[in-house]
Amino acid sequence: MISFTSFPSRFAESSYDSTRHHPNVKDDLMDLDEYEDFAAQGSLNKLTCPGESLTSSQAYMRGHGTYVDNEEVIASVAGTIERVNKLVSVRAIRSRYNPEVGDLVVGRITEVQPRRWKVDANSRQDAVLMLSSVNLPGGVQRRKLESDELQMRGFFEEGDLLVAEVQAFFSDGAMSLHTRSLKYGKLRNGQLVTVPPILVRRLKSHFLTLPCGVDLILGLNGYIWVSKHVKTNEQEGEEGFDAEAVYSNVNDDIDDSTRNAISRVTHIIRVLTSHFVPLTDVLLLEAYEWTVEHESTAKDLLQQEFGDALVASIAPSQ
Amino acid sequence: MASTSISKAERSYIQAGILANPPSRADGRSLYDFRNIALETGVAPLANGSARLSIGRNPHDGSGGTEVLAAAKLEVENIGDGGEGVEGGRISCTVSCSPAAYPHLSSNALDDLQYDMTTILNETLTHRVLHPPNLGILRGKKAWVLHLDAVVLYDEGNVYDAVFMAARAALWDTKVPRTRSVEYQAKRKGGATKGNAEKEGGSGDMDVDEEVVSGFDTRQIQTATDFELPDYWDEGEPLGGRENWPVCVTLNIVQPSHFLDATQTEEAATPLRVLLMLAFDTPYPTSVLGMRTLGNGELTAAQIAELLKAGEKYAREIWTSLNAKLKEETMNRLKERSKF
Amino acid sequence: MASRVEILNEGGYRSDGRRQFELRTIDIDLSQQGHADGAAVITHGLAHVMVSVFGPREAKMRSQTIHDRANINVEVAVAAFSTGDRRKRSRGDKRILEFAATIKSTFEPVIQTSLYPRSQIDIFVQVIQQDGGLLQACINGTTLALMNAGIPMLDFVCAVNGGVHSTSPLLDLTLLEENDVPNLTIAVMPKTRKVSLVTMETRLHVDRFEEIFRLATEAGLAIHGEMKGAILGRSKSLMGSIELGSQQRSGNTAADAMDDDD
């Protein structure tokens, strides 16, 4: 099957009805006395862009996405103004992932170095996973040996995907990860979707299980792992640790219905994020039910109308 | 995808899906489905013909997808006297890749890649059986050179099919300006010292005026020395034999099965790819203009025959729908023009 | 180019029907392109440029890292069919390298590179069509793409070119005009009105310079208005979807959704 369409008109949205002035003439929209306004407005999402003066630096502290010049706090990114007490910051709408300690991320090994792995986690630099920060076979808390160093590719090799937690930062801002939990480690039995990091909201748990037999790991860095549901044996601790299984590269048998469910969930994520709708567990579940209700296959979701209809059902006023 | 290297588990997940019964792919397509293809011709007003093509563009936000821009430009070349021109004109094809298409490649690797693509496109399209008849201007003196430049703006898999489709669309869109040769005649029987040759470049063959006085007067043929464009505003006529430009179909092979239009992730999981360049009904029902394997797998001769047979079927489908789309584009542009 | 076209006719119109200080139509498309972190497509009249930004990200070559700030890498590619006469320029072409270096030095003081030590920011400029004002289109496109990628910058950088035809200054020159009159390109940062780039490759009488410089600065501010409108419009539509998506379900997100140091 092959079908051709035309490109949508590229500049269809640009408007030429607005009047243009000489730069000395201020448009009505511009706030001239922003200082007074600033204190009055609540935490409403007000938009700004670089070079815009936000407030006086004497009354407020500058946060991320701002800088101080001439006693003014000025925005340095395009996005929403956020204010917490006296701290003013601007949050960029689209940017790379800004890690925080404790965040759950999904990453991909890019390089194996002595006693450490480099991990791409959609951040400003590759993250570092130290050999001492992973669970080693034969007991969680044992000392690492020279033989472990020699067989690092036996644990993770280039291209491998893993789920980990942000442990700390190095002085240059690179993050260090750890996988010292049974929930973390190498990923199998599924596929990866990447979305803008802002669309992954902080949830109570980032490990979701949908009733269709699909597990989701929502990495805060915008990497999402969609896989077959695996029953977790609840036993924590050293007995539950099976190095063979944890570092295995071999997938389990996956039946057709699970495969279909995985591609369907992947598609729902793609459709929602292309409409820039943030992902939550409830939303994903609702969307999944909607597609089942409408007896759509994952293939149907490729069609634009279908995707639009899905989003419309989730967010009715859109 | 952040990078094209994928883990063993991902690779085997994709391969298992291809081989499953019924087969399943990451985006729910069947093995022989293409993603949506968007095509537009006449995108570069400074070129003689151009096209923009995108495979698998997200219809809502325009993200993702393989995007290629191709444009054909005609230039006049001198034949002989140090000129590079060739009797009857020539074609040269170049593919360049934007670094944005391969953000993880070093510039040397990028150069190698675009060199490979250039070779494949150039070797296929410059074959003499495809040569358009109307690229000559003055026999032995001047001829057109057609530069076809394809720019890969973004690569999300299946870039060869995209490049060939864009090239075919750009060549389809190409118009060759009509020329009229100008002749300086020696003073003869008290006639004018200078006269203009008359023959208007008609359909197909317009290279030389043949104002025949005597068939044995060899000087006559050589007298035309220059040419002019009779009508500056006229776009010219289509490139001759524009139906003949081939299409390419990439068969991605996961033994014993194969699939079409792989995404970048799927390509990373595919050990072997076979490119088939085919044209139809010109004048043979099917002609194979090129074939190439990419990757390090191996095939038996029997398999190649089978793949060729299957590829013929897919390529004909691409051929038919591409032709329909190109005709629709031509109609749309005629409509646009009649508005003015 | 010995053109017979009048640059400025007696009625005060230019060859394309514009007035002396009239700018060409600017179209800006900030939608997502491929996998770029930020992208912008900008046209000034017929000049058409596409800019993709990747980063800040891990440097491709370790030798390129700078220990206390991000390295900015600019690569410019000019489509062979972008000009009237086809011209294939390879990436190693001196002219292209110089052009890329100009863009890099324009943005180096504006991007807050010190926030991203040892990272790399890649700016890939693809010129699709040229009709004068190439540098201005590239700089304006780069500004927009960087902002679209969420990279912190002190201010917009708005570029415009101008020239002087006998004694009359002209703004936003087409290729035809660029070939005929002495011209310069300037890039201005609207907040402080600082100028971060002035280039001129032709000769201009020193008395004429000040006037065209002042006019071009003002034109830069007008272009700023367009660019700002596009950026805010894009932010607004994205935020609109985010809010719609999270409105009804705000109860489901964890209480700690506050990312004050993000």
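The chains carry the letters A, B and C, assigned in the order they are written, with residues numbered from 1 in each.
In this section, a contact is a pair of C-beta atoms (placed from the backbone, for glycine too) under 8 Å apart; a residue touches a chain by one contact, two chains touch by 3 or more.
All of these numbers come straight from a predicted model, not from anything done at the bench.
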Selected interface, B-C versus A-B, where C-beta contact pairs are more numerous: A-B
Chain closest to the assembly centre - both centres taken as Cα means: C
Whole-Å gap separating chain A and chain C, where each centre is the average of the chain's CA atoms: 29
Between chain A and chain B, centroid-to-centroid distance (C-alpha), Å: 40
Chain B-chain C separation of Cα centroids, rounded to whole Å: 32
Interface hub residues of chain C, defined as touching at least two other chains: none
Interface hub residues of chain A, defined as touching at least two other chains: 110, 120, 275-276
Residue numbers of chain B (touch at least two other chains): 1-2, 58, 61-63
Interfacial residue positions of chain C with respect to chain B in the complex: 31-36, 39, 46, 50, 52, 54, 60-61, 75, 77, 79-86, 88, 91, 122, 124, 126, 128-129
Footprint of chain A on chain C - complex, ascending: 27-29, 37-38, 41, 43, 55-58, 67, 70, 112, 116-119, 147-156, 189-192, 218, 221-222, 224-225, 228-236, 238-239, 241-249, 252-254, 256-262
Residues of chain A defined as touching chain C within the complex: 10-11, 13-14, 18, 20-23, 27, 45, 47, 49-51, 53, 63-65, 67, 69, 74, 76-80, 82, 84, 87, 89, 91-96, 98, 100, 110, 118, 120, 124-126, 172-174, 198-199, 201-204, 272, 275-278, 280-283, 314-315, 317-318
Complex contact set, residues of chain A against chain B: 1-8, 108, 110, 120, 122, 158-161, 186-192, 194, 223, 249-251, 254, 256, 259-260, 263-264, 266-267, 270-271, 274-276, 297-299, 301-302, 304, 307-308
Chain B to chain A touching residues, read off their complex: 1-3, 5-10, 12-14, 16-17, 20, 22, 24-30, 32-40, 52, 54, 58-63, 265, 317-318, 321-322, 324-325
